[in-house]
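Pasting the structures in now, so scroll down.
Two complexes are shown next, each including subunit A; its partner changes from subunit B in the first to subunit C in the second.
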Partner chain A sequence: MKSRLRNISNWIIGAPSFVWLVVFYAIPIVLVFLLAFKPVDAYGGLGEGWTLKTILDLRNPSYPAIIWRTFWQGIVSTTVCVAVAIPISYQLARMNSRWKNVILLLIIVPFWTNFLVRIYAWRVFLHADGIFKNLLVAIGLIEESTTLLYNQWAVLVVMIYTYIPFAILPIYASAEKFDFSLIDAAKDLGASSFYAFRRVFLPVISKGIWTAVMVVLIPAFGAYLIPDLVGGPSSELVGDKIAQRVFIDRNLPHASALSALLMLAVFLPMLLGKWLNHMRRRRQTREGRT
Partner chain B sequence: MGEFLRFENITKRYGQNTVLDNVTLEIQAGEVFSLLGPSGCGKTTLLRICGGFEPPDEGRVILDGVDITNVPANRRAVRTVFQNYALFPHLSVWENIAFGLKATGQDAKTILEKVPKYLELVQLTGYENRKPGQLSGGQRQRVAIARALINRPKVLLLDEPLAALDLKLRQRMLIELDTIHDDVGITFLFVTHDQQEAMSISDHIAVLRNGRVEQIGTPTELYEAPRTSFVAAFIGDTNFFEGTVETIEGDYCTLNIDGFPEIQLFNDKKVHRGEKIHVSIRPEKFFISAVRPEVTDAKTNLLHGKVEEVIYVGPHTRYWVRVQDWRVSVVQQHHGYGLDERRIKWDDEVWLRFGADNAYMLEHYAEVDEQLLALPDLEPEELEAVVEGGTQEVGSAE
Partner chain C sequence: MKTCKRNSRFPMFVTLLTLIFLYVPLILVAVASFNSSKYGGAWNSFSLKWYDRLFNERAIWEALANTLFIALISTAISTTLGTLSALALYRSKNRLKGIYYALIHTPLIVPDILQGISLLLLFVTLINLCGSLCRSLFGIELELGMTTIIIAHITFCMSYVAMVVLDRLHEFDYTLLEAAQDLGASGMYTFFRVTLPQILPGIVAGALFAFMLSIDDFVITFFVKGAGDTTLPIYIQSAMRRGTPAVINALSVVFLLVTFVIVFIAQKLVTKNSESKK
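Coming up: the complex of A and B.
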């Protein structure tokens, strides 16, 4: 009786978030997938019936290069962000709380400035007459003719800049809970500092690392403002294409098909990873040890 | 065997605070050596210096003839069982125990051979797949011990290893630790604030206080021949009396304690006439009786008093007896049912008998140490406050 009551109260407590998820998350996603199978009419609206035409249109010869670029930029920026965030979080977690708070504040402060403003700041910074460019020329690192802006490297740099805080925060949250006496214990058992870091610190905070990967990788795949503002025509990403299809071509089904493709690209590897992990764990239990 | 591990003039400061003040200790190979003292006495710091987690400001640590003061923790043949065990939460029992072998690059064959042996040593065979989170406190501790022992260290450091366990388990683990020590024959350096733990497991104990060694000795030496009032009060329970030396006859002297008849006392400190001294007499050294016992021996002292409090605790009864201005704590073991002492009640007149060899002269006495004595109404936290407050007062008096 009591457990049934608790069940009911659990339902009541959970209901708002459930409704929220269905209305603002599940339904839109289903819509995106469905729209990909609708025809377009001449005025940019949706046509009658269903078609596979849009899906077949994805074979557009310009797409593979764009998709490839989206992937490697997403993966490189995620890798760099996480690789930078891990040592920063490690140090942050070991700091005394006064300095810790100051540095955390410094990491969060940029969020108070509008995202667009920050990207424009980068445009000024990397501009042909900007200080950074002039500095590099003065040192002799680059030629006067080199452009820092409007290429995929600019996109990558600004993406990394933008996403690093998103990587630091979840990793720091894990590292903060990490019991540093475990590092002492590992060293006591004969491990080098690096071995202790790799075999104890990293696995224990792995949840935070995976969260960081997801939190950076997903927006990186969908990025469109950054390549739009600091990239050139040769550095378009899938996100740019989706925006173009919606705003310029007014072809919602095509945009939906591209979005669905991106979603699957993130979701399927995640699923695969989960499954592999599950299989590994089952094998381990069966063997009894590793 | 000679000395094996040696702390030589170790000094450690944190800012203005001197945690260890010129500590020198010698530990024999294969023994269980305890560092005993109240919290803040520096025992854990000394252990961390031995483990290589903190460098001393001054002094050296010498292990097996080699100066290891500047050897990093991972290159010392010293392993630690941490107070919270510090097991790796993401690794199974097997992997935790194998960690030291893997970290030092031993091959898979050695690992497969050794881990089951150590699982057996700590009686955890069958638990190899469990994660630390799925183990009880006692099991976790055993994993920590096996993990530390598997690399055959020269010294095993145990930092309050029993503090996290409940009383019954603590007693069992203590016996188990002793058995493991007998099995492996490795030198144990045991840190504890619990005098009973230290007494029951150690070959030698160093009592630390305020960063200094108060006394080093076997448990019996510390208990029967405490050098200072702190050692006497910290280890076990006792009575302190102040008196003036009256006469000296051979190895014995007579002591005049206010309100007492003249007391015969073994003169091991070679005191002089007229000297003011403090003596410690353990409660169980008194024999209590309702009738005046026949004293024929000149080396037996007799006091007359009135019972103020009787506490029956099963194996023995504790009495507080008022003798003039003194309140004497007496413990009487029950060797049989219904003996004389069971008839002694509140307000009874009683006789206390004790031998001249059972009163021990102290080299150093500080009144604050009396607060360490068993007071029925003191909570552990309060006791700690007394200990810390006491150390300060003694420091300023010196």
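Coming up: the complex of A and C.
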């Protein structure tokens, strides 16, 4: 009786947010897939009836290059962010708490600084008459005519800049609990610093690394503002195309079809990650039993 | 291989380089905001004129008012809904829990452009389906505007609140609840006197997150806003598109300072809690 009452009260507590998320999160996602089968009307909105034409229109010759660029930029920025985040988390976890808090604060502030402000800062930094450009020209690394902005390298650098804190925070969270006397023990037994780091530290933070990969890679696939503001016409990503179809040459069904594609690219790795995790846990419990 | 090396300097080196990487562009903007030259290339002379311009720009104040209005309403609603869902998730053990968890958890990772476009499609579909009905029955015009922006903000803020509160609940000392119930406290009484004070820091932190996220959001707002609506991020973006007026330098510095203060306070709250727990 009591547990029944508890169940009911749970339902009452959970229902509003559940309903909210179904209506404003789950149904819209389903709509993205559904509306990809709608024709476009004269105003770029949703036409009558159903069609396969919108999906077939995705065979635009410029798309494969854009999809490929979205993919490799996502992979590269994720790799760099995680590669940098691991030593930083190691360092942070080892530090005494006063310095740790200062550095942590310094990492969190850019994380919370307005996204547009951060992109804007890069536009100032890489600007044609900016200090950095003049410096590079003075050293002789680049020509006066080179533009630092509006190319895919600028997009990549700003993406890395934006996502580094996303990678550091989860890895640090798992490194924080690490017992560093284990590393000292490994070294006492003759392991080199790097060997101890690789065989003792890395396995412990692997869960944090996985989280970091997810929270960097998936948003990176959907990057839109960065290529829009620091990239040029040759560095467009899938996100830009979606926005263009919505705001410039208005065609909502086409935008919807593109988004459905991106949605698959987002949810498949998520499901894969979940499945791998599940398998790993099953293997561990099996090993634990034998 | 060398054995018995002291702690490697490499991690410290990477940390310092990254901090430089993170701050150099921001510092340059701060310096440029005091430069009287319009394009910020060469240093002209020290001046506060961009700040003066900033505080006298009407459009910015309007955008700020909109931003705060949206942020306050969506923070209030998303904090309530998020906290309730964290409580329900924490206590429930039935089969729906997995779905519920996925519904709350995945919005944290799904790219904002997808949340933006999917909400836009929902609103457009609703307007197509019931727009004329609403107009003739209630005289209400369904259209994109502040309401749709607020709905969108509540949706993405809710998940953050729920996750932060859920984290706090997982650290919660369950024996306290049992003790209260053993001593004859009713469910309501236990909730308000035991559970709530324990998770309150989580709720406050969640609300702070929600507020920051709402103020910060550009992408989702851009998709679901109506033609005339501006928020601060929307204003900054359109200013950036028009070129790079130096006023944005000053605005960025103000943004940075506000962020710094809020993060500093939040950090103090969090560390104080974890210390008092020990």
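To be clear about the criterion, the second predicted complex is superposed on the first by the 239 of 290 C-alpha atoms of A that agree within 3 Å, B and C clash if a C-alpha of one lies under 4 Å from a C-alpha of the other, contacts with A are read in each partner's own complex, and residues count from 1 in each chain.
As a convention for this text, a residue touches a chain if its C-beta (ideal position, glycine included) is under 8 Å from a C-beta of that chain, and two chains touch if they have at least 3 such contacts.
Just so you know, these numbers come straight off a predicted model, no measurement behind them.
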* Have a look at where A:Leu268 lands relative to subunit B and subunit C in the superposition and call it first, second, both or neither. => neither
### Task
Considering only the touch criterion stated at the top, classify A:Leu276 as touching first (subunit B), second (subunit C), both, or neither.
neither
Return first, second, both or neither, reflecting whether A:Val204 touches subunit B, subunit C, both chains, or no partner chain. first
### Task
Pick one for A:Val102: touches subunit B only (first), subunit C only (second), both, or neither.
neither
Query raised in the report: Which of the two partners, first being subunit B and second being subunit C, lies in contact with A:Tyr195: first, second, both, or neither?
Result: both
### Task
Based on the superposed arrangement, let me know which partner A:Ala65 touches: subunit B (first), subunit C (second), both, or neither?
neither
The chain contacting more residues of subunit A, comparing subunit B with subunit C, is C
According to the stated criteria, A:Leu135 is in contact with first (subunit B), second (subunit C), both, or neither; which is it?
neither
Task: In the overlay, answer first, second, both or neither for which of subunit B and subunit C A:Ser181 touches.
output: first
Both subunit B and subunit C touch subunit A at residues 187, 190-193, 195
Listed in rising order, the residues of subunit C that touch subunit A in the complex are 1-5, 7-8, 10-12, 14-15, 18-19, 21-26, 28-29, 32, 39-42, 81-82, 84-85, 87-89, 91-92, 94, 100, 103-104, 106-115, 117-122, 124-125, 128, 151-152, 154-155, 158, 162, 187, 212, 215-216, 218-219, 223, 232-233, 236-237, 240, 244, 248-249, 251-252, 255-256, 259-260, 262-264, 267, 271
Note: in the complex, subunit B contacts subunit A through residues 51-53, 72-75, 78-80, 82, 84, 86-90, 92, 94-95, 99-100, 102-104, 128-129, 147-148, 151
In the complex, the residues of subunit A that touch subunit C are 6-7, 9-11, 13-14, 16-18, 20-22, 24-29, 31-32, 35, 45-46, 84, 87-88, 90-92, 94, 101, 103-110, 112-118, 120-125, 127, 129-132, 161, 164-165, 187, 190-195, 214-215, 218-219, 221-225, 229, 239, 242-243, 246, 252, 255-256, 259, 262-263, 266, 270
So, in the complex, the side of subunit A touching subunit B is made of residues 179, 181-182, 184-193, 195-196, 199-200, 203-204, 206, 285, 288-290
